[in-house]
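Across the two complexes that follow, chain A remains constant while its partner is chain B and subsequently chain C.
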Partner chain A sequence: MFTQQLVNGITEGSLFALIAISFSLVWGLLKLVNFAMGEIYMFGAYAGWIVVSYITPNLFLALIAGFAVGWGLGWIVEKVAFKALRGVPHIASLVCTIGFSFLFKEIAAAIFGAQTKAMPSFYSSTAIVVAGANVSWLQIFMVALAVGMMLLLQLLFYGTKIGLGVRAVALDYRTAGLMGIRVDRVTSIAFSLSGALAAFVGVLAAIYYNAINPYMGFVPGIKGFTAAVFGGITSIPGAILGGYLLGIIENMSVQFVSSGYKDFVSYLLLIVFLLFRPNGILGKKAKL
Partner chain B sequence: MISISRKYRLVLQLCVGLLLIALPYLLGNQYFVRIATMIGIYVVLASSLNLIIGFTGMYSLGHGAFYGIGAYASAILSLSLHWPFWVTMPLAGLFTAMVGAFLGLATLRLRQTFLVFGTLAFGEIVRILIMNWNSLTRGPMGIPGIPVPSLFGFSFKNFSNYYYLVLAFAALVVFLIARLYRSRVGRAWVAIREDEVAASTMGVPVFGYKVLAFTISCLFTGLAGAFYGHFVRYISADQFGMNESFLILTMVALGGTGSIIGPVIGAVILMLIPEVFRFLAQYRSVLYGAILILVIVIKPEGLAGVKGLFVPPSGTARFQFRKRKIDPAAEGQAGGGAA
Partner chain C sequence: MRNRMIALLSVVLALVGSASLWAAGGTGDTIHIALTAPLTGDYAEYGVNFQRSVQMGIDEINAKGGVLGKKYVLSVGDSRGDPKESVSLAQKWTSDPSIVAEIGDFTSSCCLASQPIYDAAGMVQLSPTASATTFTPGSVWSFSIVGTQAYEQPFMADLAYNKLKIKRMAILFINNDWGMDTQKFFKENFEKLGGKIVAIESFFQGEKDFNAVLTKLKESKPDALYMATMYNDGALISLQRQKMGWDIPVLGPSSLYSTELTKLGGSSVNGLYTNVSFFAKDTDPRVQAYVTGFQKRFGATPNFHAALAYDAIYILTEAIRRAGSTDKQAIRDALAGIKGFQGLTGTVTFTPNRDAIKGYKAVQVVNGDFKLLK
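And then the complex of A and B:
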């Protein structure tokens, strides 16, 4: 059982890590939080579900569809909640994204209905058995995909011009603008990318849990933020570490405490870290 | 806000007062009286959240949970100890205030964004505890059969009677908040909202006043919870979740942060919308989300707000959809770590 929970924890951890990266990306650029991240994740899951159940049962197309939908939603949120509110106290943007979070959730409920829908499973057969724990092909695939995504992001940030722009804007908004970086565009792209990542994770999660509903995004959204704070919201490696640790801790608490308190552990962790170590495990020392 | 001269304001207040007192007779239908009662409870909730958001400039997404704590505390006390409502209601308020004070002491040093998430996490923890603490809260089954309050043999079972009870309570809370706002304490809160550093330089103990605001807000929220529980007579954990916190926040934002009458207007409008547009009932939450976004983007001070929290510093252009360059006045807020 212990190793099984560890395997599940690592799988869920890769999902949390990717959401945490989305939070970290936006935080790094704008010192802002997008509360609607969980709902973008949910819409990604629905996009994947539409592709799989109505168009073609192809997992990769579903992932691409999720990515695209997330990109679009991220773009919309950025334009309304951040660009239009530039110069207004930060809290206005946050409250605006809270509004988006509810708007998206309820729009999904109005379009698709509030009931839970089944998502077909892929690669669910057992691949290997490690110390009594069944590891399915899907779990291997998910972890591999998550790690691949992280490497790709690393390549994007450190190997391309747009990545250089993102890093420059994150470092110093004003100077980056003076150096000829189109700050608005870089911000917009990074924001859309963060939405796309969240929606991509949404598709993976839908396949992993085999179920989607309009309210599925809230908890992963908060947990992604928890993972980001846990690992250090100012650093992307911190977000990854936080995601995996959170996934493992959560599944261990299922094993040792009770499954009813699974979410409890994450929320407690969030409060404790916010209070006592707001820079997280790997975060740079900065006043939050 | 529209300024009305003192004489007319008194007349207006009298008229509104008379209208509110005559309301059950005017409405006739018990269902409408029930809605009017719920509006009264939400007026209290929105006004007390406004204490935090509008007066002091802090944030809380945990108010749904405080509301629930008040409702559960009063229900459990009256069902297990058979104490009357007039004892359990104040005790529930005090208990909620105590929890709020502890949470405030712990989290109010956090910055706004993190305070939002801290209180949100707290709210979810409360919900999970209520769901899992079966021996105390009956978990997911909820608590049915909460007794109806009565006073000297006079029962408030009738919706109209309960309406007057809630009306008196809501009027008292709004009156108290208005008095607080104009007192020394209220001025200290506004000073903190406008500029924390300046306030502390002038000798205002910022942290203490923040905790005080949070505690008083939680007191009123807990009392509202008690009134709610004894009104609907069945409570369960899912009535006090994140959606409730969001609804109260939208009421405050729509009505206007930092004004006395704003949250009242917000509560009335948001509670009436689904009743007036019955065909929209299914989409009412879509509407709430859209209202919150539109208010913040188009009219950040709300319908009746004084200078609210969402209003940019003077001299800053608001709409920048078409603007390409960075506004130097806005830059201090948007860039770097300024918050």
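And then the complex of A and C:
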């Protein structure tokens, strides 16, 4: 059953990797963590659910809706928790994002109700069987989409002016400002992008697990953060590596320890890395 | 500076004043009781149903003149399914001298955590749903009307082994007080009948991805899967099991009985076996009156847990009536002595341990609907 766990791990890993990239983006630019990322993921899932349940059962439209909602929420969090609090000790921004996390959860519960809602399935039939493991179309689709998104991001950061701006601000925002880069605008865009990514993953997760509720964002947020730290929060390739490794390790560990403790393995990794190698596997000099 | 101090002081006084006005519900002509339930959080759907049923019951009782000529006043606390929060609420209720009894909480874990507070203060803690066997024996003030897993699981084991002829069973349970109890008793009784448990796995509250654990359970080649989970997790597990292409019979305890299971699980829960002591389609006129009343007022069909909360408020009312007073000790003693109370969820007779033995009926999900098994 190792191949099946590997398949599950790569699929879950794709989700973790994208969330980890969101965290990395924010860290790279602001040296801060957005603890409301899990809740933006959750709102993305609800946006997708609204599209699929009330407008049209079109998966791509759902993904775009999620992306857009995440963009907007990312923008709001940046303006309130980071821009408005510039110059104040960093802890204020961090606590503010935690506040947003609670706020978003309760707003979602108030608007949609606290019950778990069902999300329709797409492409869930088995595509191929590889070495005894069932791989569904949906899993292939998700991994392909995640990889496609990562390639798009690479293109963005290394092939466009705005990407150049983001990299420059991440390297040294003062000098970037002196060079004529509009630091505020770049930060805002990158933050919105990180929210959009998280929400995009939210839609994918909703379809994969067929269920959404206002509290679904907490664990993926933590796991995404763990993956980013594990792989190296200062770099995007690090986030990707961390995400896939975490997904694979978690799913494989179920073979050896009771499945109830698979989270334990992830959190143990987080603690060990924060203690001994806080820059992660690919951390240190690499910046975005 | 002095002006600021005065302003601050007046605000504080105003808040304290209004808070005490708001809390003083229990005066001479009212009976003040408290409800603790998870209104938000992972178990919100159950907690909201508690509140609805208890409120509905209270409104019905008050409309008929209340009990002992006094009307009920209800204070509600949201425990969020978190034992720590349940403890805070217990402290809040027990420090209010006007509150005479408490209904709640939903999970065994929350009830166990707050039990010492109610015990020390001498206040009835009546849980509609706590079924861990360690709960009611822990304090003479603790009561539960759902029937513990020690009574429900022999029924399920018999259903699985004798009726469905299942010999090899895999168990997946939620790792909390209730889940541990349920799987323990099922395993004991199933093995006593001659069955074999080929694999046992658990997960913690909040888990959404069951692919890994289902893969592991599939390896052990069981004849069937026993899910000792609540219905929201049960639905998710079924969906992911169906996606994997793993088609086997699935059974589970009465926690799975809910229209939400079929709504969330869709075709993946067809064929699932569980048991009920409350069936929404029961033709008994009292059940129908409750179900239609609930549907009209709240736009939802009540499930097993909702019906238990309704029974709880009525059984508490009966106890207060028999006690003839709102003295906390008298209420407790009257409650403990109740025998043969006809509730919607079956007959309640409190055992010396203050839990109840209920009757069970097997049901199966057929085409998105629960049908009684013959």
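Some notes on this structure:
Definition applied: the second predicted complex is superposed on the first by the 284 of 288 C-alpha atoms of A that agree within 3 Å, B and C clash if a C-alpha of one lies under 4 Å from a C-alpha of the other, contacts with A are read in each partner's own complex, and residues count from 1 in each chain.
As a convention for this text, a residue touches a chain if its C-beta (ideal position, glycine included) is under 8 Å from a C-beta of that chain, and two chains touch if they have at least 3 such contacts.
What you are looking at is a predicted structure, and each value in this text was computed from that prediction instead of being measured.
With chain A as the common reference, chain B cannot sit beside chain C without a clash.
In the superposed pair of complexes, A:A84 makes contact with chain B only, with no contact to chain C.
Of the two partner chains placed by superposition, only chain C is touched by A:Y209; chain B is not. Contact with chain C, but none with chain B, is seen for A:E12 once the two complexes are overlaid on the shared chain.
Shared-chain residue A:A168: touches no atom of chain B or chain C. In the superposition on chain A, contact of A:S259 is made with chain C only, not with chain B. Looking at the superposition, the partner that touches the larger set of chain A residues, chain B or chain C, turns out to be B. Within the superposed three-chain model, A:F218 lies in touch with chain B and with chain C [touch as defined at top]. Look at A:L103: by the touch rule set out above, it reaches chain B but stays clear of chain C.
When both complexes are overlaid on chain A, the residue A:I50 reaches neither chain B nor chain C.
Residues 106, 109, 218, 258, 260, 263 of chain A contact both chain B in one complex and chain C in the other. By the touch criterion given at the top, residues 59, 61, 106-107, 110-114, 116-118, 120-122, 124-125, 128-129, 131-132, 242-243, 246, 249-250, 253, 282-283, 285-286, 288-293, 296-297, 300, 309-313, 316-321, 324, 326-327, 329-331, 333-339 of chain B touch chain A in their complex. Here chain A touches chain C in the complex through residues 1, 4-5, 8-9, 11-12, 106, 109, 114-118, 121, 124, 126, 134, 136, 138, 205, 209-211, 213, 215-216, 218-219, 250-251, 254-255, 258-260, 262-263, going by the rule given at the top.
Those residues of chain C whose C-beta lies close enough to touch chain A in the complex are 39-42, 44-45, 48, 175, 201-204, 206-209, 211-213, 215-216, 218-219, 232, 235-236, 239-240, 243-245, 260, 263-266. Here chain A touches chain B in the complex through residues 30-33, 79-81, 83-92, 94-96, 98-107, 109-110, 172-174, 177, 183-184, 218, 222, 225-226, 229, 258, 260-261, 263-264, 267-268, 270-271, 274-275, 278, 286-288, going by the rule given at the top.
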